[in-house]
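Quick notes on the structure that follows.
Chain lettering (A, B, C and D) follows the sequence in which the chains are written, and residue indices restart at 1 in each chain.
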Amino acid sequence: MQKIFNLACGSFYALGAYVGVSAVSWYTSAGGPAALFVLPLALAGLAVGAIGFVVERGLLRFVYDRDEAFQLLLTFAVVLMMEDAIRLTWGTSPQSTSALYLTYGQVRVLGATAPVYNLIVIAASLVIALLIGGLLTRTTFGRIIRAAADNREMVEALGVDLRRVYARVFTLGTALGTLGGALVIPATAAMSEMGIELIVEAFAVVVIGGLGSMRGAFVGALVVGVLRAIAISVYPELEMLLIYFIVIAVLVLRPRGLFGGAAA
Amino acid sequence: MTARLVLGAAVVGVALAPLVAPTYHVLLMLPFMAYAVVLLGLNLLFGYAGLLSFGHALFIGIGAYAGAFLTGPLKVRSLEVILLAAGGLGALVAAPVAALCVRYVKIYFGMLTLAFGMVFYTFVLKFYRLTGGDEGLPFLRPALLGWSLEAMPKTDYLVGPYYYYSLAVLSVAALCMWRIVHSPFGLCLKTIRDNPAKAESLGIDVTRYRWLAFMLSAVYAAVGGALLGPPTGNVDPTLLYWTHSGNIVFMTLLGGFASFFGPVLGAFVFIYLQNWVMSVVPYWRLVFGAILAAIVIFAPGGLMGLAARRRRPMRVSGA
Amino acid sequence: MITTRRYFVKLVGGAAVAAGAGLDAGPTRAQAAPVKLGVLAIRAGIAAPVGTAGLRGTEWWLERVNKAGGILGRPVQLVVEEESNPKDTVERYRKLVLQDKVEAVLGGISTGVTLALGPVAEDLGTPWLSWDGTTQKGVDETMPSPKWAFKSVDNEVEAIVAGILTPKYFKGIKTVAGIGNDYSYGHDCWESYQAVLKRYIPDVKFVLELFPKLGVTDFTAHIAAIQQAKPDLLMCSFWSGDATILMKQAAAVGLFKTMKGVFTTAGGVHDSLKKEFTPEGLLLGYNTMYFDDPNGSALLRQFVREYKAKYNEYPPYECDHAYFNAESYRAAVEKAAGGGTTWPSRAAVVKALEGIEVESLSGRRSWREDHVQMCNFYQGLTTHKNPYDFVTLSPLEVVSTRTAMKPAGAKLFDWINSWKI
Amino acid sequence: MILRAEGLRKFYGKFCALDGVSLGVGAGEFVSIIGPNGAGKSTLINILTGVLRPSAGRVSFRGRDVGGIGPARLARLGMARSFQLVQIFPELTVLDTLQAAVVARLGRGTRLFASLARDRDVHAEALEVAELFGLGARRGVPARQLPQGDKKLLDVAAAFALRPHIILLDEPTSGVSTSDKTAIMEILVAASRRIGLQAIIQVEHDMDIVFAYSDRIIALHQGKVLADAPPAAIQADQRLIDTVIGRRVPSR
């Protein structure tokens, strides 16, 4: 929307995960009931999204009137700094919550065992996707964002304070990233490089879905996820390459992605 | 004229360095010269054609692996052949990649080049029987101008013949690039950077010129990549990793992309700065990230821009 | 990581020159000048915990040695540099030797990096003792008989040990699936494990092999594929946080209720394998040091106690590699000095290192004549019967590299196939 | 006829911007296209210059079908254009801007290792155009530093430097003070004679300019050609003028 490609999205994701671990261990040691651990987890994930506001106000806003390449570079600087900042704060060992993952038990779905927590996360992401969709299409704020993506000057001429819009959009995006990082933590462990895999997959998702399209991103994520699962069970050697081949095929055949609206 | 004096003094200084400077610092000049070749190419694309590639490590990797394959399994030791093959292979890979990428501009171009870089990175890691996977491949000592120089201790070889060979390659590369940017082609690239729509209306085939600039920069990156191999003696997938692309963009910006020699200066400062900061601060990435952010925000013209002070007053206000 | 800085030696011109020139200036001055040892430690990325452990082991050794009066009366200083990618690390190595003028370099973990370091060490003529870098291929191809480089145990030893122990503890295994990281270590382990297991169970079938990229943090799709393949046993050579993650996600679907499990190297992250999600009865490898060894030496007990007090963690095996390297270097210098106080030449130190045996954290360890580390490997079945919140081993098996590592000059698979079983 | 368009239609989604426009421009003609905002003038220009592909209909230039072949190829075939919002190369000097056009015309853009500074033909030709447009004295000035009127002139001059057969001027005098408008038009006419231009098409709002210079006027309204006649005939038709212009527009 903002036409910022944020290389640091992976770093935010990792940050969310680390903060999630800390929040949950604090919560557990403070004696909070295990069944409610998602609440502090999600809250911590959302709260640390404030880093997005800091990055936007402290760095990105200086370069909006310059070539977009400079935004890319600034987010690269953030990647470098975050890696060491995480190391300074949490050390080098992977951080992990204990058994909270299985607090909600397991269910059998379509013949396979799945932890209830996974289903909660899936439901939560669906709700978030719907909320974002609603925000973009139903609210004034959303209309402004979409209009600004098309024509910045026009929106500014209408008297909208774009600086505030950008700060909010970027913070919102960051908060979603950190929340995502926090929510996966019970099922995994926080490692400083966990974001890097994510960046690469995020590319695939965005290119397949179409640059700048929310619906496309959602579909792209589904395509990538399903393809990976299929590749792993059918021909594991192909796993990541298959996704790249799809990306290239999409680029050749449908340069704007499956749902692309943003012009090249 | 002062510019020429400075350039002349720099060349003399670099030529004399092996005679006077400590061995270790002379050795650091080798990656500097290799990166300088890469950056001359990258800046044709960024500084002159206005396209910021975040995936040029791909071509560095191709050059380096080409050298490793030639010196190893194929038993070709001549560095002249290696450099030619590296450039050729770089062009071969770049042809389709560039054709797909130049259909996009700005941020999308950056993303796609990054994505392609990662595709090849994954490829190199995955096909480990061919590429050695994470272990990489040894880059055996190349022969220079037909001399095998195998009997020399490696360090003597590097700070002696190989040093001057690299310097010669860099000089030739710089001369060629100087001609390119001052040719009619260079002028057309600048029109495309400044205003693609207007350039198109003058009959300049924007896509084709961008493609050509991409090809040239890929050839330069591959040649530089091949030069990067022998001092390490090994090539590995991290050469293709996206953060490596980030580093070379960092160098370009540090020196200043608006000037011909800016990126070369950037490579020099980056390498010695990194050497120093890495030894002094364990958390050197934090320092480097902060430096990069400061340059982007406060000194978009890089060191050359600060030195010249004749560029437009920079704009630091918000949107 | 704070300790990194504490011991960090910032070289100021004069002092560096004095130390470097001390050798030529005569024995009396040389005794007073500190001896500098270079250390290469990974600080960032997936292997950072391993690098941190190695550095901590070296620092613990440093404190003891300096308290005891240093080496030949000279205090020891560490110059720590970062191990990162091969190109930068080769530059760091050259800096340590050419600029900081260290007597020897310790460290090196990643195979890709150490492959590049080997020839450089040979060229620069300074002893290099590698913590965990095997450099097998590079050394075999480019320098068959290294003079200055000392390498770690072979990559695949823990897989061979696990292959030997699998038929002993798990009867009736017919089908096996493997998962490892998609790089040389993962592939080497899986191939050697298969070769060994085939010797014990000739009709065993390998039904699935998965090689996710290093750094992947979601294995749900892999676990689903493993469930589908229905093997009797899963072999896994993960050694970092991914081992913990796999264990967690496997527990979530009850994977080890239907099959046995072998984790050749997960002992490296042993204290993250919490009881809640790590079942009993898995074969788990701790590599060369087991912090809870009931037969452990007083040195090990002291180390574990002090490590826990300082870092609030239980030490992993890399501490032992690092301690052994530093300690063997000290012993070799003293052996080469032959009871005198004159600092021996580097060539003499290297000669003395060959075949030397010293007490390390895991007991007596030695350098084989061809510059390969010798040690014991600790593996066993996981148990919950302990005072910790993570699993430990019982029963514990100790297998020496004398039986589980290919002898000098042997070809790996020829050697495995020549075993009499 | 040098340029001929037949039955052009252009849809944006369901909106029909052009609805069956046909026109022709012959040798020696100066044709103006007029019409209220939204009449389809920009769309028409963009189709004629190859930027947009028509939804239906065809454009032929010197007997060749050129529908949607792209502005670069069309420019090389001999059709140049200037832009309504001034388009320059901010960092390039006046001379370099014109040299770029000459290089493009001569097809020398892919000479990678030739020295531009030593290319006498290019230099001389660019200088000649600069003089023609009164920009000779400022040839070394970066375009971004030029006053607005000179930027406008440079934009047009670059198109002239292509020595096209025909040129399309998109509001050549917009954003320029009244006193300068006539000056610019005089330079244009003189320059077009000098380079042997065969025809000019312009889109213009300023009716004084339109009536003073045109041989023929094409009036567009709601995507259709309302009239195609000499200025005198248009001026005589008050109803037409009311529809197309809304009111008799004096000079702005």
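Convention: a residue touches a chain if its C-beta (ideal position, glycine included) is under 8 Å from a C-beta of that chain, and two chains touch if they have at least 3 such contacts.
Keep in mind the model is a prediction, meaning the values are calculated, not measured.
Visitor: Give me the step distance from chain A to chain D, shortest route via touching chains only.
Guide: Step count on the best path from chain A to chain D: 2.
Visitor: Going by the touch criterion stated earlier, list every chain that contacts chain B and also contacts chain C.
Guide: A
Visitor: With centres defined as the mean of C-alpha atoms, identify the chain lying farthest from chain B.
Guide: It is D.
Visitor: Pick the chain whose C-alpha centre of mass, unweighted, sits closest to the average of all protein C-alpha coordinates shown.
Guide: Smallest offset from the overall C-alpha mean is found for B.
Visitor: Round to the nearest whole Å and give the separation of the Cα centres of chain A and chain C.
Guide: Roughly 36 Å separates the two chain centres.
Visitor: Which whole number of Å gives the spacing of the CA centres of chain B and chain D?
Guide: That pair's centroid distance is 42 Å.
Visitor: Approximately how many whole Å separate the CA-defined centres of chain A and chain B?
Guide: Roughly 32 Å, centre to centre.
Visitor: Indicate the whole-number Å distance between the mean C-alpha point of chain C and the mean C-alpha point of chain D.
Guide: Centre separation, chain C to chain D: 74 Å.
Visitor: What are the residues of chain A that contact at least two other chains?
Guide: Each of 83-84, 87-88, 237, 240 in chain A touches at least two other chains.
Visitor: Would you give the residues of chain C that are in contact with at least 2 other chains, written as numbers and ranges?
Guide: Correct list: 1, 43-44, 213.
Visitor: In chain B, what residues contact two or more other chains?
Guide: Residues 122, 126, 284-285.
Visitor: Output every touching chain pair, sorted by label.
Guide: Every pair of chains in contact is listed here: A-B, A-C, B-C, B-D.
Visitor: So in the complex, the part of chain B that touches chain A is made up of which residues?
Guide: 46, 50, 52, 54, 100, 103-108, 110-112, 114-115, 118-119, 122-123, 126, 242-243, 246, 249-250, 253, 283-286, 288-290, 292-293, 296-297, 300, 315-319
Visitor: So in the complex, the part of chain C that touches chain A is made up of which residues?
Guide: 1, 43-46, 48-49, 51-52, 208-213, 215-218, 220-222, 224-225, 227-228, 240-241, 244-245, 248-249, 251-254, 269, 272, 274, 276-277, 313, 389
Visitor: Write out the stretch or stretches of chain B touching chain D in their complex.
Guide: 176, 179-180, 182-188, 190-191, 193-195, 197-206, 209, 212, 216
Visitor: What part of chain C is in contact with chain B in the complex they form?
Guide: 1, 4-5, 8, 10, 43-44, 80-82, 85-88, 90-92, 94-95, 98-99, 110-112, 115-116, 119-120, 123-124, 137-138, 141-142, 182-184, 187, 213-214
Visitor: Over in the complex, which chain D residues touch chain B? Could you list them?
Guide: Its residues touching chain B are 49, 70-73, 75-76, 80-81, 83, 87-92, 96-97, 99-101, 103-105, 108-117, 119, 122, 155, 158-159, 162.
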